[in-house]
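Dropping the structure in here first, questions after.
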Amino acid sequence: MIWFYYILAILLVIISLYHFIVARNYVKRLIALNILGSGVFLFFITTAKNTNTESPDPVPHALVLTGIVVAVSATAIAVSLILHLNKEEE
Amino acid sequence: MISFDLGYLIVLPLLASIFSLISPIRVYIALAFSLLSFLLSVYSFLYTLRDNTPLYQWIGGWTPPLGIGLRLDGLSGFFLLMIGIVSLFVALYSISFFNVEYKRQGRFFWFFFFFLWAGLNAFFLSEDLFNLYVALEVLSLTAVILVALPGYKKAIKASLNYLFLSILASMFYLLGIAMLYANYGVLSMSLLSQKLSDTQEFIYALFPITIALAIKSALLPFHFWLPPAHSSTVAPASALLSSLVIKPPAYLMLRLWMEVLPKDKSLEYLSIVLSIMGALAIFIGSYYAIRQKTIKRLLAYSTVAQMGYLFLMAPIYYHGGMLKEAVFQAFALQVFSHALAKASMFLSSGNAIYVAKRDELSYMPGFAHSHPFTFFALFFSGATLIGLPLSAGFVAKFLFLELSIKLGFFLHGGIMLLGSLLASLYVYPIWKECFSSHPTKFYDKPIPQLMEISAFLLGFLAFSSGMITGFLLEGIARR
Amino acid sequence: MLDLALGLMLFVSALLSLHSKDTMKSGVFFIIFGFLSGLIWVRLEAPDVALVEIILGSAITGLLIFKLVKGSKQKDLKAFTFTRLWAGFISFLILIFMLFHLTTIERQDRIASLVFENLHKSGVDSAVNAVLLNFRGYDTLLEVGVITLAIFGLLSLGLKREAYYWDNPLLKGFSRLLLPFIVFFSLYITYLGTFSVGGAFQGGALLAGGLVIFALAGQALPLKASIIYIFMMAGLGVFSLIGLLYALLGYGFLTYPLELSTISIMIIELSIWISTAFLLYTAYRGKL
Amino acid sequence: MAFEILSIAFMFIGAIFLLAGSIGLIRLKDTYSRLHALTKADVLGFGFIVLSCILSTDLLSHWIKLLLVWLLAISYSALVGYALANRKKRYA
């Protein structure tokens, strides 16, 4: 099962990377970045499961929590910048 | 007696940022905290100079791999000193700058200024890879907001592109850490270096990490975000971004190559690729800088070129394991001289734009007569960028040249000298305009004294620190 | 089997979200994606991450993206063939690299056993929160810094666009009815963090969700702007003051002595709880 | 034993209702009929699933939590149905 999740994480990373480069629309780019982030987090969490201890490794969980909060902060800034840009263009 | 704690270097700027936002007397708070943080930076540099061993501090008393380590050695202490000097003078400049221009932005500027300081201190002190990610994120988000600060369309657009690229880079960096963690199970750099010896798996993780660091420090194929971002914001912010914010990724690369990664054949190829990119960055950056008509874009492209030096020397980081101290000295001095000089130049460009209300080069003639302080700032810092003798830039380039000859990389030394020549080609037009004896328009609008003097002092320090390099170099070599 | 189905659905929703021409559709599929990834975190025994992901990664990010879609009329231009080619090339390169890397991963303990050994010295019983607030508390301090920084950055842009709301008596009544429960429940989750699944970010995100529903009904909180301001600052301020305090007392930066660790962590958790909630609420509103 | 069989049966019934609702959501043509399928499935299917869960545990705290979840779910499903119908009516 672990290998399935690893491969899923890699697929998420590469398809969102492809769409990030290809997309010309800011909204699509933002979504692609968020999905890229999810792929990376999935990689981390799967690694947490890949141990010999009974319950999974809590360190990656804490790191991913940090990562999610940081990603949301960056998304909030991006949204506000894009809205600002649209207002300037009107 | 309160004992010295590395945490102060991070907490004090953080608290300063909060106070400067909620308090009505933000300028005084900013001044007081800037001085305090500056003194702390100086103290930590002197600390490394006095004690011959690096200072390790385990936060919470948890030793790695469980906890996070802070490390103060000669190199990081020196960079703390650099951050302190640049930030202090930028703070002095900003007090006056936001008094006369961009008053609305001045309300929030100090918050981001101190956050940036905290982030930089955190970055240079940390020795935990994930902690470096968070510090990097603090830096890049602050930088993005600083770019968007003026609020007009050009700035917002530049900052948006910067934001997208820097989130991408952060995700890549995080991916690299995840891969390293999956293989080695540690995040601390010193433990990682023990675990890495005689293994090869790290190569896969190094790939995303290198891309991430290249994007963040604007190495050639990813340099396109830098000129619009650094040139479209207000002068103090440009100075901070161009002199301080893009240095940390390069520093991290140096640390990884010199202290963490083992000798591996594939690393050698990677170092060649990096040095080719660095060389191209020097040529292309200089070429575009020469062609620019506005002073801020010229300076931004010159940053691309100057960052190229740090990557041009990648083979030296790989082969120079025996000469670690010398490599650190050369690298640190190059970063230091560029940081001080570029900050001074951006601040002076702010002065020029304040007077002329335009940022075309042709609109700032005769500065040598009307505003000699600004002219001398431009002169000294330009000389440092070129690397004229006596300046810190000269010493840095000399050290690099010596290393490349010692290790047999004659071509790299030659490219560096060529880069100096190109630098003189793009610095020269600025001097020429300043000395123009038949100015089309004579500006007698006075510049606030604090703005002139802080820009001048930074430039002067950048130049004159070449004469006290013995003292600085000794500090860097302490480990 | 369940994993396979969930993973497939996750991948398909990601593809649909990235592929669709209509940005509104992308947003909807992105929310579905976030929700499914939350379920996957549960499958991978990471309930803490699942809580935060569903509320932050799916709900709040989704709302922000909807706000963006409504306010942006940018056309999606087709990329050049050349761009497509090199994007494909780079993605392919990374695919190859990562697949090779997969072959090198081994099953090993990493830090996990060390964390469980030291858990009793941390002052918290839940392993994730022990890592988050004690072992790697410094990371969390900077993280709280990042989110505070981001929201104040957004405020400094000074955008005065009204957030979308639906003026309807039923929704108003519902959100008013719900809010006290959500406050109570999020506080409970925060408190739960000291010994089980839950914690400050989880609880704060939950409260933020409740506050955003409140705002969606077009009502403002009966709080003064200055109080919201202080709430937003609370996390960073309290956390760094406690760090400073222990440094000044001679224990060292963010180093809690064993007998004071539980209470210190509780105080920090409470302050992070309130500030996360109000920061995210402000992120949605876009103004104070 | 009887409880277990009952629990599994309820789970099946709930799942069938949810499936029917999903099929209705895809196959039905206009918004109101879709909404009808969706909300009905939510209330009934979800109700049966909660019931089956309640039967499979004998802890009071779990019962209370499940009931609360059910209460919240039906109240928001009603609200969402109302909101969608309202929207449709206004912008039809």
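General observations
Letters A, B, C and D mark the chains as written, and numbering starts fresh at 1 in each.
The definition used in the following text is that contacts are C-beta pairs under 8 Å (C-beta built on N, C-alpha and C of every residue); 3 or more make two chains touch, one makes a residue touch a chain.
Small disclaimer: the values here were computed from a predicted structure and weren't measured.
If you compare A-C with C-D, the chain pair joined by more contacting C-beta pairs is A-C.
With centres defined as mean CA coordinates, chain C is found 12 Å away from chain A. Put simply, the C-alpha centre of chain C and that of chain D have 28 angstrom between them.
The mean-CA centres of chain B and chain D are about 58 angstrom from one another, to the nearest whole unit. Averaged C-alpha coordinates put the centre of chain A at 31 Å from the centre of chain D.
Those residues of chain B in touch with two or more other chains are numbered 130, 134, 137, 141, 144-145, 148, 151, 179, 181-182. Multi-chain contact residues, meaning those touching two or more other chains, occur in chain C at positions 94, 98, 105, 108-111, 115, 136, 139, 143, 146, 149-150, 153, 157. Counting partner chains per residue, chain A shows two or more touched chains at residues 13, 26, 30, 47, 50, 63, 66, 70-71, 73-74, 77, 81-82, 84. Chain pairs that touch, as defined above: A-B, A-C, B-C, C-D. Against chain D, the residues of chain C that register as touching in their complex are 166, 168, 170-171, 174. Residues 130, 134, 137, 141, 144-145, 148, 151-153, 156-157, 159-160, 163-164, 167-168, 170-171, 174-175, 178-179, 181-182 of chain B are the ones touching chain A in the complex. Note for the complex: chain B touches chain C at residues 2-3, 5-8, 10-12, 14-15, 18, 21-22, 57, 59-62, 65-68, 104-105, 107-108, 111-112, 115, 118-119, 122, 130-131, 134-135, 137-138, 141-142, 144-145, 148-149, 151, 179, 181-183, 185-186, 201, 204-205, 207-208. Interface residues of chain A, counted against chain C in their complex, comprise 1, 3-8, 10-19, 21-28, 30-32, 34-35, 38, 41-42, 45-53, 55-59, 61-66, 68-77, 79-84, 86-87. Considering their complex, residues 3-4, 7, 10-11, 14-15, 17-19, 23, 26-27, 30, 33-34, 37, 40-41, 44-46, 48-49, 52-53, 56-57, 60-61, 64-65, 67-69, 71-79, 83-84, 86-88, 90-92, 94-95, 98-99, 102, 105, 107-113, 115-116, 127-128, 130-132, 136, 139-140, 143, 146-147, 149-151, 153-154, 157, 159, 161, 201, 276, 280, 283, 286 of chain C touch chain A.
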